[in-house]
Structure formats: structure tokens, C-alpha cells
Amino acid sequence: MELTVYLAGEIHNPWREELRTQAIKWNLPLTFTGPMEDHDRSDLIGEKILGKQPTTVLRDETASSINNLRTQILLSKSDVVIAYFGDQYKQWNSAMDAATAITLNKPVILIRDEKLHHALKELANKAQLVVETPEQALKALAYIFE
Amino acid sequence: MELTVYLAGEIHNPWREELRTQAIKWNLPLTFTGPMEDHDRSDLIGEKILGKQPTTVLRDETASSINNLRTQILLSKSDVVIAYFGDQYKQWNSAMDAATAITLNKPVILIRDEKLHHALKELANKAQLVVETPEQALKALAYIFE
Amino acid sequence: MELTVYLAGEIHNPWREELRTQAIKWNLPLTFTGPMEDHDRSDLIGEKILGKQPTTVLRDETASSINNLRTQILLSKSDVVIAYFGDQYKQWNSAMDAATAITLNKPVILIRDEKLHHALKELANKAQLVVETPEQALKALAYIFE
Amino acid sequence: MELTVYLAGEIHNPWREELRTQAIKWNLPLTFTGPMEDHDRSDLIGEKILGKQPTTVLRDETASSINNLRTQILLSKSDVVIAYFGDQYKQWNSAMDAATAITLNKPVILIRDEKLHHALKELANKAQLVVETPEQALKALAYIFE
Amino acid sequence: MELTVYLAGEIHNPWREELRTQAIKWNLPLTFTGPMEDHDRSDLIGEKILGKQPTTVLRDETASSINNLRTQILLSKSDVVIAYFGDQYKQWNSAMDAATAITLNKPVILIRDEKLHHALKELANKAQLVVETPEQALKALAYIFE
Amino acid sequence: MELTVYLAGEIHNPWREELRTQAIKWNLPLTFTGPMEDHDRSDLIGEKILGKQPTTVLRDETASSINNLRTQILLSKSDVVIAYFGDQYKQWNSAMDAATAITLNKPVILIRDEKLHHALKELANKAQLVVETPEQALKALAYIFE
Amino acid sequence: MELTVYLAGEIHNPWREELRTQAIKWNLPLTFTGPMEDHDRSDLIGEKILGKQPTTVLRDETASSINNLRTQILLSKSDVVIAYFGDQYKQWNSAMDAATAITLNKPVILIRDEKLHHALKELANKAQLVVETPEQALKALAYIFE
Amino acid sequence: MELTVYLAGEIHNPWREELRTQAIKWNLPLTFTGPMEDHDRSDLIGEKILGKQPTTVLRDETASSINNLRTQILLSKSDVVIAYFGDQYKQWNSAMDAATAITLNKPVILIRDEKLHHALKELANKAQLVVETPEQALKALAYIFE
């Protein structure tokens, strides 16, 4: 049995890379997918494909169409979602991805520093598991294969 | 025909009250529901019902259990969701409520100031309609009854 | 028992009015809903609510957001859909409404002149019933109450 | 990860072939499916299998039964749908396929020339992405694998 | 609380009437729906509404379109289905209605004489309850209101 | 807005009566449903309706057919489920009712003494709220109407 | 692409064997599943596994539990269902299997001699395709791979 | 065709091992999954991953979060569930797993000694098959491949 794990959230720190490296070390049969991790590429993908847009709102709209296309397809193919919340940015699309997965009956593991707990409390309550580090999330997935 | 409208999001400005007043003036057959609007009541409801909790995380957890119970029931009874994003706070539960409604195939009207658009772009793309004021949201609902 | 009937399709001839009149004559417990029947109102509703848009595509996009909001809510509240196809216009949203209803497991009655059959053959095959006049559609609904 | 892409719509120009060729050049792990592209074969398949039919409507009905069987199975196996609208024909089954996919929660990429936008505006609003050329659609799919 | 009960199956004996009379005597808050009970009306409804058909198969096809329209709508509005099997006829549409209801997660009460059990064994196993008389079926519904 | 509450679990103490009385005192718009509370009636209902059965297993099977018919219908009509676990009996049908409701996306409030927590921990984790007394459960429902 | 085809219905003639042979000849990527074709094995499987039962109804009940287990699993893994109706027996489980598949949104191809059409008319109307011979059914599946 | 079988229930006797051994002997294409079978590992997994918890209820809560994560993922990947009930412990999570599988439309085979039948009667009625030994359960699965 293999599992596909969608890695939602924070793209400005190397948590995905750490997780992928650790999973290989532990020899876990996991395939990881996730959003575009290059912030500029993600913001500009709309204009890159569809050409210059007349307004910033439209540039955003074309980019988000394509980012959401990517997310919808990858989420639908995932068995479990790990969502990492950092202390910067609004991260509304991370919250959206997590809630979408939960509503589609895919379990979500939330990673967040305890100091973020208050603001995240409703989402934490809906997640299947709340941890503080990527390694803890990976240990929980490893437990499934024991 | 009557519609039930869940008013998600921002609880620190009077937008819900304005919307309710306007709906009555326009004689629209709308019933409004929404989260607890008294911030302290919402944060303390867990301890109020279940008693003093040993840690702040647990106080939050008991409160969010009860707030999510409320939201799950009211969302399931709603025909459409209006979600208002302000410029303060993380508002992750607002994003969660909106994404949950969309995934349950209930249309969402997003209210946000244009300057928030970039951070909200993926959620905006999934919403059925994006407006800037509560009055615009209400006009869109009024149009359904014409 | 009462039924709610969504009347999709053609807005440039008086078939909805005839159907409503006939239903009252026959004393049928039917409530009818449908799209905005005033073509200009439907095309301009986006700018009417959200203000002047920079391009025609955007004017269309804002209008269709609000028209689809209306349709999604009314379709979700309907028990059966009648879709009328005339011989003018592309009527792609009529085909979309019919297919959406069928996929949501709501039965669709298709009204079309026999000469349109070839172009409509795949949709006709998925509809629960194909008739040529609104009166035939209404007779089929009347049969449910016998 | 591999994706299966259903190519709905227009069968009288070589857009599918171009798309398949380009996907191979770009080395994308995509499998393409779609409707019968030989118009006559598609129109006559009913009589070919079931024998001569008494009326043209019946010839159409037997053909559409078999075409819809094909579409239902291939759509159910696809991860994403690309729907191409040209400027000829009614193309109601293209609109039907797109709306069916959307309602089944499969993302749709719409290809259409901008001059068709007005007639397609409600469908465009429900599609996850609207582009003008097959190459743009393919670039959006390629982005998922970056 | 009121329940809507769809009475599927056998239309050539007065079991529905007995059930309706008994329910009134026992003062049960039940609304009964069901198929057209006049056999000829049911067989001829297609031609009655759509006009003379060229072949018997087509006469049947038009009739069944309209009978299925009726059944789909009434089944979707029912809380529970009672299906009565007699010892004559093929009664394939009764089996179809029962299986459809079960798959839609609506409980089915099967009424059949014990001597029919062998032929009905797979359907009996999927029904929520198997009884031998309409009065037993009604007693089971009455129990829900105790 | 009114809510229908299914009261699952323990039938040998008067918790349902207390809850009903309290709800009236607090003037809450709640309708309560639940299993047959007379233990003997519940165990014997099969033979009562279907006649003497040859074995005890069959007596149980006929009774459970009818009890499950009742539960399936009442659960499908409920907005929220309260499940009370006492310290006697196996209460496997209480666990089944709670898990069924959760899987159907209906929120469950679990009432149990803290000393039962270990055995109930997996079910408690899936419930939306865990409390120790019926009054706490009712306070949580009352909060929805504030 | 490969398809899994569940072959429901008639087990007393060699239609399944003919179909399997023909599919190999035509080199079609089809996997066939179906019910137990040995009538006695199917009737006796309950007692074979669970031991002698006290009554014939119970022997039937244990057999049908196991036959339905088989059907539920195989149906859930199939892409399309072919259902063959002969002129003998009640064949209620064939009708049940076909209706179950249709309600689960799996297309059904019905094979029946035209003289059975009247009794099958409601089921025929819900099937995606009605043919008279297994070879016609197979040709329709072959068409999907063209 | 291969089947994945989730083995729910009793972890203090070697029934899973016997079943796995027997399946290999009979050469059945079955993959077995199930809960953590080491009781202490299962109870302590929360603290093992998340660190020492302040109360026993919290230790249980963290453990059950991770056990339910495991179960939700493995259940979602299973084709059929076998649930074994012994005569010790409350086994509420076994009942929960069985009811969850049934509600998700996955068939459940219940193994229990006949003397447990009364307490299990409602769950037995919802299971697709009730047997007394693991070998009987395996024979039923073997029958699917005949």
C-alpha cells in the first residue's frame, strides 16, 4: 500500500524538503504533492499562460484559476493532507485547502506552533490531528504502516 | 420561496446588522444565521459549559468544539453563505466556513475590500460571487426573487 | 404534495407564461422558478450591482456570476426541470442547466421542435422525457398527481 | 502521477491531434480520451449495431444511446476535462459534457475564441479555467507537474 | 413528524386501499404515494400525451418515460418504501423501484407471501424488513411513532 | 428555526425525560426523537408483528429489523444526535448509531462519565462534542439559538 | 485503459461464455465478473459455509447474504454492467442488480428479446442501452475503444 | 482482481494471524489491513509522538486522534471489512468501525460467537453477513473469486 500526501500551506520555509528527505530515510511508501512552491511563479502563472492582464485583480484572478486547477486535481488524488501554518501572511488558501479536504472526507494533519493555536482553534478542531513539527506529522503517517 | 443565509466572517463591525435592516426594508424573504457575534462569549463558551480547563489550548479546544457544532448545524440548514473578510485578524475560520460551504455545493458570496484581493485570490476564485459591500451582496440575493 | 419546477431555456417567447396560466387553470400544486426573463436585465446585472467594468468580457463575467448564483440556488430547490430549446441562439446555458440537473439526479423534461432533434440527440437521450410543446410537459406533471 | 484528460467538443478541426502531439513533445504523463471523432461513424453507430431504424429520430436515439454510453464511461475515468467550442454547430452535447463534469466535481478547461464569450458566459463562469488555444490548456496541465 | 410512504408493486389487488383505510383508523401521520394504479392508463399514457407511436416498443418507451418521471419524483420525496410482490406478472419495475430506494438509502419494507421467498431472496436480504401482509408493514410504521 | 434531535443510547435511566423537561423550561425549539425506550417492547417487537419465531436468534433478528427501520428513518430526519453511554451493557447499537450519524455528516454530542473515557476514546474523538451530563448537552444546543 | 464489466442476469444459458470468447477474439481490454453461475452452488452456499439451517427461508437467507456480498463487491469494482433477461424465471435479482448499478451512476446495457419489452419497459427506459444479443452489447463496448 | 480487507475488532487473540495464514494457503488475492495490534503501542502512540500529556483524558485523546487517522485512511482504501467481536471489553471502536464502513457502502462481515448475538443484534442486522469463525468469513471471500 502506498499513500499520496498533499502538502498544503506555507511555501517560504523548507518544511516540505525536510519531510521528503525524512520519508526517504525512513523508507516510507509516500508520494508527496503540493502547490507551486515558487511564489513568483505562482503569482504570475496566469499572465504567463494567458498573456498580460488589464488590472492587478485580473492578474490575480487568472493566476488563481490555474493554481486552483492544480490544487483541485492534486487534492482529489490524495489520501491525506498535511497543512502547515506559519506565523506570517494571511494563508487563507491554506485554510481553504484544509477545509476542502476535510469536507471531502480526507483526513488533515495540521502543523502549527502552539502560539498560533488560538487563531486556528476552529480549524484545529476539525483536523484529524494537530502537531507542532513536520517530523511529528511524518511519525503519525509512519504509524499507519506498522 | 424563502432562503436561509449564513453570515460567516468578521464579527467586530456591524455589517450583519446593516444587512438585516436592509433586508427588512426591501421586504426580502431571507432568514439570517451566523456565528456567535460576542467575541468573549465565543471564546469562553467551552469553559462556561464544561467548566474550568487545565490549559489555554484546552480552553480553546472546548470552545471550538461548541462553535463548530453551531456552525455545522447552521451551515447545513443554509441555502447560501455570505463571507465577510476584514483587514484584521487571521480569520482562518471564516476561510474554513467558506471552503466548507463551497465543497458542500452551497454558493458563497465573498465580501472584501479590493486591497485584500491578492491574499484572498484563491478563495475568491472558488466563490460564486465577489463583492465589496454588504449592500452589493444583498442586491445579488434580491435579484433571485425578481 | 407540491412540486417546484425550474423552467430553463428560451427567454424570448411566452412559453413560461402559457405554462403558468395553464397550471392555474388545471389547479396543479406547482411553483415555478426560472432564470431572469428580461434579457437586458440579465446581461447588465453585473454592472448594475458591481459598477462599470473595464471590458466586455468582464461585464459578461460579472453578469454570469450573478445569473449562476441565481440558477444554482433555484435549481437546488427544484424537484424537476423543464428545459425549452428554440431554434435561435446558442442556448449553451440551457444545455448546461439541463445537464447539471440530470447529474444532480433531478429529472428533466425537454421541450423542442422535432426538427431540432438531431443537434439535441445526446441531451434528449439523457433527459427523462422529450416533448414538443409546453402543454405536453405540463400534462406529464399533471399525471404525477392523478 | 498520471492524468487522464477527456477532450470534449468540436470534432471538425484537428485540435485534439495538435494537443496529443504537443503533450508527447513536452513529455507530459497524460492519457487522452474523447468522443468518436468521425462524424458519420458517430451518427450511424446506432443503426450499425442495432440495425435499420424506422425513423430518423430513432436513428438518432440509438446513436446517442451508444455515444452517451461511451461518454459516461470515459468521463467517469477522467481527472480533468478540456472542452473546445468552435463557431459552428449548436454543440449542445459539448455544453452537456462540460456541465456534467463540473457537477461531478471534475475541473473543466474551456477553449473558445473570445468572440464566443458572450454566448458562453454562464458556462465559462462555471469552468475552472477559460483559454483561447489548446496550447494554453496544455500549459495549464503542464504546470500541475512542475 | 409525518412520513411519506411510496407504495411500490402490485396494482391488481386492493392492498393500497386497505393500507390507506387502516392508517386512517389508527390515526397515523402518513402520506401515501405510488405508481398509477389504473393499468391501462399507465400503459397508454405515452400515446395519450405524445400522440400515436409507430411501433409497440415506442408506445411502451413513451409510457415508461412518463411512468419513470412520476416514480423518480415521488421516490425522491418519500421517507420509506413499501413494495408488494404478488404471484403474477414479472414485476420487474417493482424490483427496480425497491432496489433504487435501497441504493438511495431509503428503507424498504417488502410484502410477499412466503412461497415467493426463494425467487425474492436476494431482494429480501437487501430490504430492511420482510413481512407477509400489508397490516404487518403498517404495524412496523406505527411502531416508529410510539 | 427548529432542530430535531435524535437521543441515542442508554434506555434504563430517565435522562431523556430530564432533557425534554429542561428544553421546555428553557423554551428551546427542539423536537426529540429516539429509540423505543421500553426494553421489553423493543426486544419483542419482531414476534409481536411477525409472530412466534423458531429460535432466539431469529426473534432477535426480527426485532432488530424493526428497530433499525425506526432508527434509520428517525436518524435521517434529525439535525443532530445526542448519544448517552452508561456503565452497564455492551451498548453496541449506541456506538453504531453515533458512528452512522457522524458518517452521514450529522454532528454527535457524546454524554459519558469521565471514567468511561478510555473505552470510548476513539468514538469521543469522532464526536463533535463530549460532555458529562445531559444538561451540558442541552446548553450546547441552546447556544446555537443565541 | 481497461474496463471491468459485471455480467448480471440469466445463468442458464452460455451467453457469458460467448461474450468472453468474442472479447478475446476482438482483443478487447475487458475483465468480466458476475454472479455464481452454478445454480446449485449459489442456492446452497449459505449452508455450505454456515451449516444446516432450520428452515428453507433461512437456507435462502444465508445464501442470499453471501450472494449479495459477492455482488456488492463486484458491482462496486465494475465500470459498466450488462444485464441479460431470459424468458424464464422471475429474475428479480437481475432487475435489482441493474437498478442498483444505475442508481450508483454506472451505465447498464440491457439484453432482452423484443418480446420481453413490455414487461421490462420501465427498466429499459432507465438503462443506457437496450440490445437484443450479447454480440450487440459487446460491439457497443468495442466502440468505446475506437 | 484483488481485494483489500480491513480487519476490525478484537486485538487480544490471534484471529488475524490465522486468517492471513489461511488466505495464503488458499492462494487468495487478498491484502489485509487493520488497527495497531499491540495494545500498549496503540494506547501510548499519542504521547510517543506528541510528548507527555497533562491528563489521562488527554493522553487518550492524542492516542485516539492518531488511531482514527490510521483507521480512516485504511478503511477508505478497503473493499470489505471483517469485524470480530469477542466477549471481553466494551469494543466500542469495533462497533464504530463496522457502522462507519456500512454507512460508506462497504460490506461488513461480522464474526461473533452466537452467545453475543443479543447484544449485537442491531449491528448484525446491518452487517452483510454474520458468521461465527474467521474461517467462515474467509470462505465467503473465497466464494467471490470462484
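Just so it is clear, A, B, C, D, E, F, G and H label the chains in written order, and each chain counts residues from 1 on its own.
In the analysis below, contacts are C-beta pairs under 8 Å (C-beta built on N, C-alpha and C of every residue); 3 or more make two chains touch, one makes a residue touch a chain.
Every value quoted in this text rests on a predicted model; they were computed, and no experiment measured them.
Undergrad: What's the overlap between the neighbours of chain C and those of chain G?
TA: Of all the chains present, those in contact with both chain C and chain G are D, E.
Undergrad: How short can a path of touching chains from chain B to chain H be, counted in steps?
TA: The fewest steps needed to get from chain B to chain H is 1.
Undergrad: Any idea if chain B and chain C meet via the same residues, over half in common, or different ones?
TA: The interface of chain B with chain C is built from mostly unshared positions.
Undergrad: Using only Cα atoms, superpose chain A on chain B and state the rotation angle in degrees, rounded to the nearest 5.
TA: Rotation angle between the two copies comes out at 180 degrees.
Undergrad: Where are there more C-beta contacts: C-D or G-H?
TA: By number of C-beta pairs in contact, C-D is the larger.
Undergrad: Using Cα averages as centroids, what's the distance between chain B and chain F in whole Å?
TA: It comes to 31 Å between the two C-alpha centres.
Undergrad: Measuring centre to centre with CA averages, how many angstrom lie between chain D and chain E?
TA: About 40 Å, centre to centre.
Undergrad: Which residue numbers or ranges of chain G touch two or more of the other chains?
TA: Within chain G, the residues that touch at least two other chains are 65, 68.
Undergrad: What chain pairs are in touch here?
TA: A-B, A-C, A-D, A-H, B-C, B-F, B-H, C-D, C-E, D-E, D-G, E-F, E-G, F-G, F-H, G-H
Undergrad: Which of the residues in chain A end up touching chain C in this complex?
TA: My answer: residues 54-55, 58.
Undergrad: Okay, in this complex, where on chain H does chain G touch?
TA: Touch residues, chain H against chain G: 1, 3, 79-80, 105, 107, 109, 128-132, 136, 139-140, 143-144, 146.
Undergrad: So in the complex, which bits of chain C are touching chain D?
TA: It comes out as residues 56-57, 60-61, 63-65, 67-68, 71, 85, 89-93, 95-100, 102-104, 114, 117-126.
Undergrad: In their complex, what parts of chain B are in touch with chain F?
TA: On the chain B side, the touching residues are 4, 31, 33, 36, 41, 45, 48-50, 65-66, 68-70, 72-74, 76-77.
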